[in-house]
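Shared between the two complexes below is chain A, which pairs with chain B and chain C, respectively.
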Partner chain A sequence: MSLLIGSITIGLILALLALGIFISFRIFDFPDITVEGSFTFGASAGAALIVAGVNPLVASLVSFLAGMAAGAITGVIHTRFRINPLLAGILVMTALYSINLHVMGKSNIPLLSETTVFTWIENLSNRVSGIDARTIIIGWEVATRDLWLLMFCFLAILMFCCILWWFFKTNIGTAMRATGDNDQMIRALGVNTKWMIIAGIALSNGFVALSGAMLAQYQGFADVQMGIGMMVWGLASVIIGESIINDRSVGMVIAGAVIGSVLFRLLVAIALRWGLNPNDLKIITAVFVFIALILPGLLKYRKRLTLKRGAHA
Partner chain B sequence: MLKINNITKTFNPGTVNEVRALQGVSVEIEEGGFVCVLGTNGSGKSTALNAVAGAFIVDEGTIKLDGVDITRWSEHKRAKYIGRVFQNPFSGTAPNMSIQENLALAMKRGKTRGIGWGLPKSLVGDFKRLVKPLNMGLEERLESPMGKLSGGQRQALTLLMSTILKPKLLLLDEHTAALDPKTASKVIDLTQQVIAKDRLTTLMVTHSMQQAVNLGDRIIMMHLGKIAYDFRGEDKKRLKVKDLLTLFDELRRKDNIDPSVAALLEEYYI
Partner chain C sequence: MKLRKLLNGILALVIAGSILLVSDLENRKGKPEKAASPSENAGQHAIKGRIYKIGFTYFAPDVALDMTTKGLWEGLKQLGFVIDSNLLVISQHANGEMANLQPIHLNMDSQDVDLLLVTTTPGITAALSTVKKHPLVFTFSYTPLAAGAGKSYTDHLPNITGVGSFPPVEKTFDFIKDILPDARRIGTLYNSSEANSVKVMEEGRKRAKMKGLELIENTVINSSEVYQAASALCMKNIDAVWITGDNTATQAIHAIIKVCRDNKMPLILNDVDYVAEGAMAAVGIGWFSTGFHTAPYVARVLNGESPAKIPIENFVEEDISINDVVAKKLNIKIPDKYRMGKNVRQKPFNPPVRIAMVHYVFSPDCDDVTTGILARYKETGHIRDKDFIFDEYNANADVGTLNTVARVVADKKYDLIFVTVLAATQALVSKISNVPILFTVVADPVGNGLGKSYNDHKSNLAGIDCMAYTDEGLVLLQKYIPGARTLGVLYCPGEMASVSGLRELEQSCKNKNIKLIAVPVNTVSEVVDATTMLCMKNIDAISQMPDNITIPGFSSMVKITRKHKVPLFCYISSQVEMGAIAAIAGDFVQQGREIADVSFEVIKGKSPSAIPFSRIKQIRTVINPQAASAYGLETPKAVYDIADHIVKNGQLQKNELPTKKIQ
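What follows is the complex of A and B.
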């Protein structure tokens, strides 16, 4: 059970990543691989600042801004220099690898003995419920502290979802969605689509970096490798969410991304529990996303086949 | 109002694919003028409209709108003064957004878009009132996504969106060409109403000579990136489809002869 609670908590933290991918991939149809670098960038910047004694909330905010800067650079490379989205992302991701090493000074920063956002929550839990308190839910005993962490992540994610939903309903957010939907149309309505893409990819990477910073604080370390495979991971979350919630309105897709992220993390935890080799995790994620991407086409094809057969019979 | 002075545009200059799409086009349209643009395929009609709309910057020449030189302005900056409807019904609307969201986007054409609510409740009533005269039953479907509508419905809405804030100039590029005849004539009726109501200055490209004869107060015929004929006032009113056909044939016949030979012949015979 405590494994379950931990998985849901991590799923909620990675939901920030899924929200970022939702912005780049679904709103702008922009396959942005910058996230693999900016996820680590957020983690490394946050960790380095926390080690330097900066307030962990401020450090997380700086991580968000750092991710936005990285995304903005990808956006500029793509819009101003007309480099295709994938290549623009690869350039920034590669550059970020060196930057991350510089920011951390080494390939790994432990945070276990530092004060993070989660230490605050643990302290709060200890003060309110007592040290080492246990709670029984549906017959299982879990550490009350873990429930506090879960609640905190849930509320934080809820807040970010509301902000994001509100943003995409404002005038500028609506124009952003239109940019991804039909850029010619929205340009004819007076919107600078280049700026919209730059701002959107920046926002996306801000969320991704924040996700990295939170994960580093939760697991107690930042590592230069931790961004690898994160784009596909986020994509898997978004796709799972979309298949569960069959509604394409902004609010529903945002909710779907969060639910997808938590479910995907749970699935992975269960698979690992059942003896899946952790080394195989990434290939399985990749195959899963591949299938999810081609499935709608396959279903349509099968439907056509059966229709044809029906016509022949 | 609109003053185009000797603009040129060459695509892919210096390559085998070089196309001199505009070769010195000059035209002046007064306020409230409604100009139909005719011409053979590839004569540069769309390119001329795109040059005015700012899809690209012209190589030479100037474009002035209401006395302001907009030659070097970006497309989105010009959009503040220019409304557009495209040939492709899918080009003018955002398919995954609702009808009312599309209309709300159009209400902000050329204005700064801040963090105010994108679709205020107060606007929905206005939208219903605006959409009703289209007689397409869309007032009951404002929340459905644009992508679910037919080409004709989308084109009618694009027309509405481009004129919802009165533009200084309306550009229509064969906006009925992709529609079936019945829908096309409906959209043409709407076009006429909108233009008449607000006395909009309009440039309309069309392939239908009947349309050109029936509508507007001036006909420009383009050929090989230049303006070949320009009829206005009484001349335009007298013009029949038959006359236009004759002119087209004449242009085609000239085309088949080498330009230098044609010039020689002209000198001899005219």
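What follows is the complex of A and C.
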């Protein structure tokens, strides 16, 4: 049970990353590799500030802004210098590796004994339900503070989703969506699409960096290697969510990204929990994701089949 | 309609969540707790609501005593006596003066305590003559009977019981004869007013004679005389120094270590806890186990049982510990049977021990650690899946998976967790606080927040750092190239272990007044260019530390350095096999074996908090003469003499040359 709660928590934290990737990949159709650098950038900036004694919430906010700056640079490189989006992302991601090393001063910052957002929640849990309290949920015993952490992450993600949903309904948000869908049309309406792309990629990387900062605080360290592979998994989460929910309206796609991210982490947890050979972990994960992708289609196919049979009868 | 689509997503989550829960059924609390079996030693357990008080006296603060008390408190904790909660300890020591022993025991006797815990043989004597009101339990004593505790282990004074630990004297002489076949005269030093030492010396003289050795004795009265007495002893044409657990001598152990170092004299002790401080070896007593073993004695007397009915016991967990760095300096070869301590079959674990092995990435060094651990378990007679269950996890370099792995491992309630690499250790430590975690392939654990110092760290964490022996490595390098002034190295700025290693190497170079040029590499594909660049910088040699970039890229380093005739030295033996000239090797397989040994202690019940972080203990000199000539260098005779292994045609072979005789 605590594994289930832990996996959902990690899934929710990484849902911020999925939301970021949803903005760049789905809204702007911009395959943005900056993500692998800005994820670490958020973690390293947040960790460095927390170690320096900055309030962890402020540190997380600064991480968001740092990610936005990184994204803006990718946007500028792409729009102003007409460099292919993939290459623009690669350039910034590569540069960020060095910047992250400088920000941290070394390749790894431990946060085990620092005060983070999550230690606040733990302290709150200790105060409300008692130190090291345990709760029993349908027979499984779990640490109460894990439940508090889950609740906090859920509320935080819910808030971000609402903000994002509201934002994409505003004028500027609508213009952004239009830029991705049909840039000629929106340009004809007098919107500067270049600025839209820069702002959008910045926003996207802001979320990614925030996700990195939260994960660093959750796991107790920031490491310069932690961004590796994040882009692919974030993308997988977005697409899993999309295919399961199968609705293109903004609200649904946002919800899909979050559900996809959590589902993806649950699938990894199942693969791990079954104690399979670690060499096979990735192939098992791939198979799980494949099943998750085709299952809705299969169900629909069966339904159609039964309907047809019904008609013949 | 939209809501229905959203429900689809939630349904998927519920399905996945349920699958996860079903796999987790065994952890459900639904089953009733195992009823506490009526133990035959019911009197050993703490009675609820009662506060116990112990008076504790000792000779002076001391590392070995610390280990004993750590073991004792741990043992008592398992019986329900928790310090500062239901167990109060009043302690007092004699400041290392025999004359103070009587007054402190008198004082303790007037305190309101349930029992007096006394340590050391002179301490027992003093307690027996002064303590009238309280029962006595002793530990940390060689010869309680010589102290006057009784005629025999069963027929003893009515107010005292405890655990004695007579040192393995015969084993000590066997060991000396094995490592120094030519030794004849063994010097020793003790305080003749300590009954324990007198008794040990009696035994020592007898055993020495049987083994054809001569025991040269020097006596002291207090610890301030030790330095002089030790110096005088070394002048007496002796071959080695043996110091038993004489309280006076151990108080001044650092003086003895210094004298022996200055006179190039092998120092063999009976206290393993001082080996790390610079003694050459110890054939001794694992004091933690003695303390742990004493806990039931203390518990029974605390609960009111009369000591008269509890027989005294002699308990020794023999433990051979060798300081390889010192042995190397003295050019002493340690026979294989002492390698890795005692190679006896451990007791089979029953029920099987459940072990998790957690890696962050797939890499040769981490694989080597696993190999070493499994090899060591096999050597000690443990059968996989019967005596222990060994589940491997690898986060595949993905930090999200790493966190899930930490969750899974926490959830599956393992008895013991091995972990490699800093990030994985951190991820586990932040989630798990009640299962022992043993790390390897972590450099500088203290600098990276795993503990305040090597001795003071998280209570469920212990491990072996992977720092290379750079000082020794440079000494070896200079034997090949005496005039080396500038060295080069590749390092990976993104890898903590590599950066910490670089810092060590920089320091070692500074001490030797050598200039170090360090070139960063971030991916394996950069190794070729970086090595070429390094070779252009007019360096005398490369002293390469192992890291996750240069390990996979090492063969290209060999190729390029050979082209430029820049000699390449390293710190792991597999790289010497691949064509580097020589290494002071602290291999990862060896790290695995050593951490496996640590795990045996933990399985036996030792708390990781009592196990300091350590550096790899066994290092080997590995040379490759063919590679040396490929670089245009000749392997000096002196290096042949000290090498443990020689690589011939890419194969590692033991060096069979006779060891150099010690002057």
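Just so we're on the same page, the second predicted complex is superposed on the first by the 275 of 313 C-alpha atoms of A that agree within 3 Å, B and C clash if a C-alpha of one lies under 4 Å from a C-alpha of the other, contacts with A are read in each partner's own complex, and residues count from 1 in each chain.
Everything that follows uses one rule, which is that contacts are C-beta pairs under 8 Å (C-beta built on N, C-alpha and C of every residue); 3 or more make two chains touch, one makes a residue touch a chain.
These figures come from a predicted structure and were not determined experimentally.
Touch criterion not met for A:Phe64: it reaches neither chain B nor chain C.
Touch criterion met: A:Trp233 reaches chain C, while chain B stays clear of it.
The partner of chain A that touches more of its residues, comparing chain B with chain C, is C.
By the touch criterion stated above, A:Thr170 is placed in contact with chain B alone, chain C being left untouched. Judged by the touch definition given at the top, the superposed model places A:Arg187 against chain B, while chain C stays out of reach.
Looking at the shared chain after the overlay, A:Trp140 reaches chain C, while chain B stays out of its contact range. When the two complexes are overlaid on their common chain A, residue A:Phe25 makes contact with neither chain B nor chain C.
Of the two partner chains, chain B is the only one that A:Ala178 touches; chain C does not reach it. Contacts of A:Arg248 after superposition on the shared chain: chain B is touched, whereas chain C is not.
In the superposed model, A:Asn108 makes contact with chain C only, not with chain B. No residue of chain A touches both chain B in one complex and chain C in the other. By the touch criterion given at the top, residues 53, 74-77, 79-80, 82, 84, 86, 90-97, 101, 104-106, 108-111, 113-119, 161-162 of chain B touch chain A in their complex. Against chain C, in their complex, chain A makes its touches with residues 1-4, 6-8, 10, 14, 97, 101, 106-108, 110-113, 136, 139-141, 215, 218-221, 223-230, 233, 241, 244-247, 249, 251-252, 255-256, 259, 262-263, 265-270, 272-275, 277-279, 281-282, 292, 295-296. Those residues of chain A that touch chain B in the complex are listed here as 167, 169-175, 177-178, 181-182, 184-193, 248.
Against chain A, the residues of chain C that register as touching in their complex are 2, 5-6, 8-10, 12-13, 16-17, 19-21, 23-24, 27-30, 359, 362, 391-394, 396-408, 410-412, 422-423, 426-427, 429-431, 448-450, 493-496, 499, 522.
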